[in-house]
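Letters A, B, C and D name the chains as they come in the text, with residue numbers starting at 1 for each one.
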Amino acid sequence: MQRLINDPDNVVEDGVKGYLKAHPELFAATANARVLKYPRAPIAGKVGVVTGGGSGHEPAFLGYVGENLVDAVAIGEIFSSPPARAFLDAFAAADSGQGVACLYGNYAGDNMNVKMAVKMAAKEGITVKTVVANDDVASAPRDQIEKRRGVAGEIFMWKAGAAAAAEGAGLDGVIAAAQKAIDNCRSIGLGLTSCTIPAVGKPNFTIEAGKMELGIGHHGEPGIEVVDLASADQAAEMMVRPVIEDVPFTAGDEVAVLVSGLGATPLVELHILYAKIHDLLGDAGLATHRAYVGNYFTSLDMMGATLTVMRLDDEIKRLIDHPCHSLGLTQGRQA
Amino acid sequence: MQRLINDPDNVVEDGVKGYLKAHPELFAATANARVLKYPRAPIAGKVGVVTGGGSGHEPAFLGYVGENLVDAVAIGEIFSSPPARAFLDAFAAADSGQGVACLYGNYAGDNMNVKMAVKMAAKEGITVKTVVANDDVASAPRDQIEKRRGVAGEIFMWKAGAAAAAEGAGLDGVIAAAQKAIDNCRSIGLGLTSCTIPAVGKPNFTIEAGKMELGIGHHGEPGIEVVDLASADQAAEMMVRPVIEDVPFTAGDEVAVLVSGLGATPLVELHILYAKIHDLLGDAGLATHRAYVGNYFTSLDMMGATLTVMRLDDEIKRLIDHPCHSLGLTQGRQA
Amino acid sequence: MTSFPADRGADIVRALIRVITENRAYLSEIDGAIGDGDHGVNMAKGFALCAEKMGPGAMSLSAALQLLGETLMESIGGSMGPLYGMYFIGLGEAAEGIDQIAAPDFQAMLEQGLTDLRSITEAQIGDKCLMDTVVPATSAFSGALAAGAEFAAALDRMTEAAEAGRDSTKEMVAKIGRASRLGERSRGTLDAGATSCALLLAEMAAAMKPMLA
Amino acid sequence: MTSFPADRGADIVRALIRVITENRAYLSEIDGAIGDGDHGVNMAKGFALCAEKMGPGAMSLSAALQLLGETLMESIGGSMGPLYGMYFIGLGEAAEGIDQIAAPDFQAMLEQGLTDLRSITEAQIGDKCLMDTVVPATSAFSGALAAGAEFAAALDRMTEAAEAGRDSTKEMVAKIGRASRLGERSRGTLDAGATSCALLLAEMAAAMKPMLA
């Protein structure tokens, strides 16, 4: 394992120190070492936006803390949900009295810890409402949509919810915007290699050389199918079809597209993949309003990519186009 | 080789298609398939800023084309200088009549191709002046500074030169700003693994497991020393010392710092490394004005990182803080 | 009817902390076979934190178990944090206000723990997880009491059932957690959560038995 | 004095294009041992492009060589594009305005090519690169003429020296290019650039000899 770490058991703590030192305009420490907040948070009069999840997906989750984005984040161990206390402390760090929208992904641990934290927050007088991302079409069939995992679509959920909050929406409005965003998102992953958790020191699972796994999850959860390694164009077809065949895409829709690398796949390859995705979406009558291609939601040093497509209406488009500044995503007033 | 490509011989062409489709606000095609320009270029009254180099370093070089950054880029094969014609066509794409600053890195091929292109440009009536980055302290001793390679310090050179151009400086002013930036930059690389050029299909060189190579170049050029894989803190010490011992750093200086991943090293590890670098610079009396930590200048799927430290004066600070928008670097009006 | 004084609670929880700390490497090793090898590390971290918070003094069983549960829930994250957290809080809440813990009290505690556990996970017996230990152990204790067994004997039945439940996971194919990725390949190894749970229940029984009077 | 008509230039350059195209795989294979295995691909790409631009007609030696040089310089990039580009442009420029190419004309061409090459690289004999071929080949041709040899015999000396130069790279340790990373390990293999250069010079000689009258 060729890695730049100090103690494999302290990867997250040591990383957090670096984030704080490198980006003081984006991150402030809190009393809980596993909670970072935007320095201006809680922002008076604004609904607080919180997320959280396991580490190893950087820039997710903490990289979406910032201006017009997430106010506070709960940071778990690598690939492991943060404790309830961390979510609770993140709520407190984000709450200006207008309530908190906790926007997170559908994983057993996160569900349990958020549930606990919301209960604990209620006792402390903090109103928290939640949206649970379930954009991964490969993780369950359409009739069991509530079982689907949240993946890179979470970024669009955060973007939309946080932009609504920045525009001045109340808690219900923020929740509605985030829910609408994720309901209009569909994602799928494609894994080419495994990844290694530093504290474990061996690959987390196995993808044989010459094979790739369609529908793989962000922690190596089993996908739909292990197939022979194919060309980027063929990979794009395998990814686009299950995404656009799922509700709610219809010809004529405008969409936002996010192709995220899983960590070790070079940027040029993500763009080779994107070129075909763009054309396939166009063939299906979907016009791409905005495309994000890069390492937005990774899995340590895994090779591969995820595709997320979000259907836009005027409201979501406005929220996605809203300017923002964070480690993972910075954009100006226009596309 | 687990890669997302179509034809290993067309990685660059296929990637360029994707960049154009994904980011129409940043990239426009030109008559030369190996030249991309910022859609607004040439910008009337502004000195053109051009760079170029081999592919495989994404987001460098093309990712620094954008608003208040590079106007046009010449794109080479993976790890191979673009042909002279591509540099020439990039000059033409960038020139508004105010002349062109060609800011590139010190490699044999690039030197030759730029030299040819500048000659050809002169015949076509385009005035081109050049700055050659030589920030890599590991590539030659201080008394042979002209032999040193250019590495991630090029980003600061582009940033400073392009900001000067955006502020309205003439060609000599732009060249002076870029030259001053690179003269105040020192960099060093640390390689933990090799990388694989898709058309070659096998690793480009070898770093044994359990070892790391201090001073390695962006294409695997030999470093200063192969040492046992050390902790991130120890790696930071190995990197900071040769950088700050070289001219021109002195206690009391303000600096900008860039830690770039080489491709496959997770973002959290870059921040673990940064945490110690930040402290070591502080111990040496250097105050970090701005830090960039991420994948800014990579080497395909290599693991490892580079460190660049730039001494600031009021002018360079203003130029570095200037807002800009590109695939590799987007920043607003203030830090 | 035999019972033990509730104010021995801290000693019982200290025994639980000890057994987890002692088995840190063993539990991680088991998790390493089909999981990511950190179960012992995760558990030991939470239990050690509870030891710190408890200090050396006496506590009621209710307070001590709730402190353990809250510490786990607050500090270890993942799934095991809230699962064991809920479980121990449930045990502790059911002991609230009771000075002498008799067999029916402990039965009520076990049942409350299981109910609370089920309020946050849909995992079932046969999924290859801690449910395979805790469900049969709870039934065994209740069943023994119903059949007229003494407290101590019922605790023995509970321990036996917990260990049999743990062993039953060996031949199961994992349906939840990381190991579920492996499908058939997860067969042949004990489940880490079921193993830690068997250690905890057996230790709890062993700590209580000498206190019975 | 023997000479050949300059308007046979296109045929000579077509022979160069053919030899590179035919040796595409061989040159890449040699580069694969201590480089990145693309020398044949790079060269063939540029030479094929020149064939396209030339078309089937006749051209003067000066124009044909300059077209080859400009195409390489413009299209293949890296170091080899400008190096071979400068070299062939140099050869071509020195032939400008000459209708019948005699031995002293060709000597001047070779010397101009080498001078232009040296204007853009500091590489030397012994560095394990194309200089190890081109430098001795040039000297051999000039030396043969000085010793009174005929054009054809001098071309043979040039070919022999080019091939000996190529072979000399086998025992060298690379000092430039990718292979320099390998240090001692670069010993024992031919240099790809020196090899392509020997092929080109030998082919040029072979193409000229039957034209001599």
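We take it that a contact is a pair of C-beta atoms (placed from the backbone, for glycine too) under 8 Å apart; a residue touches a chain by one contact, two chains touch by 3 or more.
Not measured: the values here are computed from a predicted model.
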item: For chain A paired with chain C, centre-to-centre distance based on mean C-alpha positions, whole Å; value: 34
item: Distance between the centres, which are taken as Cα means, of chain C and chain B, whole angstrom; value: 56
item: Whole-Å gap between the CA centroids of chain B and chain D; value: 34
item: For chain A paired with chain B, centre-to-centre distance based on mean C-alpha positions, whole Å; value: 29
item: Contacts with two or more other chains, residues of chain B listed in rising order; value: none
item: For chain C, residues that touch 2 or more chains besides their own; value: none
item: Arrangement of touching chains [line / ring / star / complete / other]; value: line
item: Pairwise chain contacts under the document criterion; value: A-B, A-C, B-D
item: Sites on chain C touched by chain A in the complex; value: 32, 36-38, 41-42, 73-79, 81-83, 85-86, 120-121, 176-178, 180-181, 183
item: Chain D-touching residues of chain B, taken from the complex the two chains share; value: 9, 76-77, 79-86, 108-109, 111-113, 115-116, 197, 199-200, 204-205, 219-222
item: Residues of chain B that touch chain A when the two form their complex; value: 2-6, 11-12, 14-19, 21-23, 25, 55-56, 58-59, 63, 190, 192-193, 207, 209, 212, 229, 231-233, 235, 259, 263-275, 278-279, 291-295, 298, 300-301, 303-305, 325, 327, 330-332, 334-335
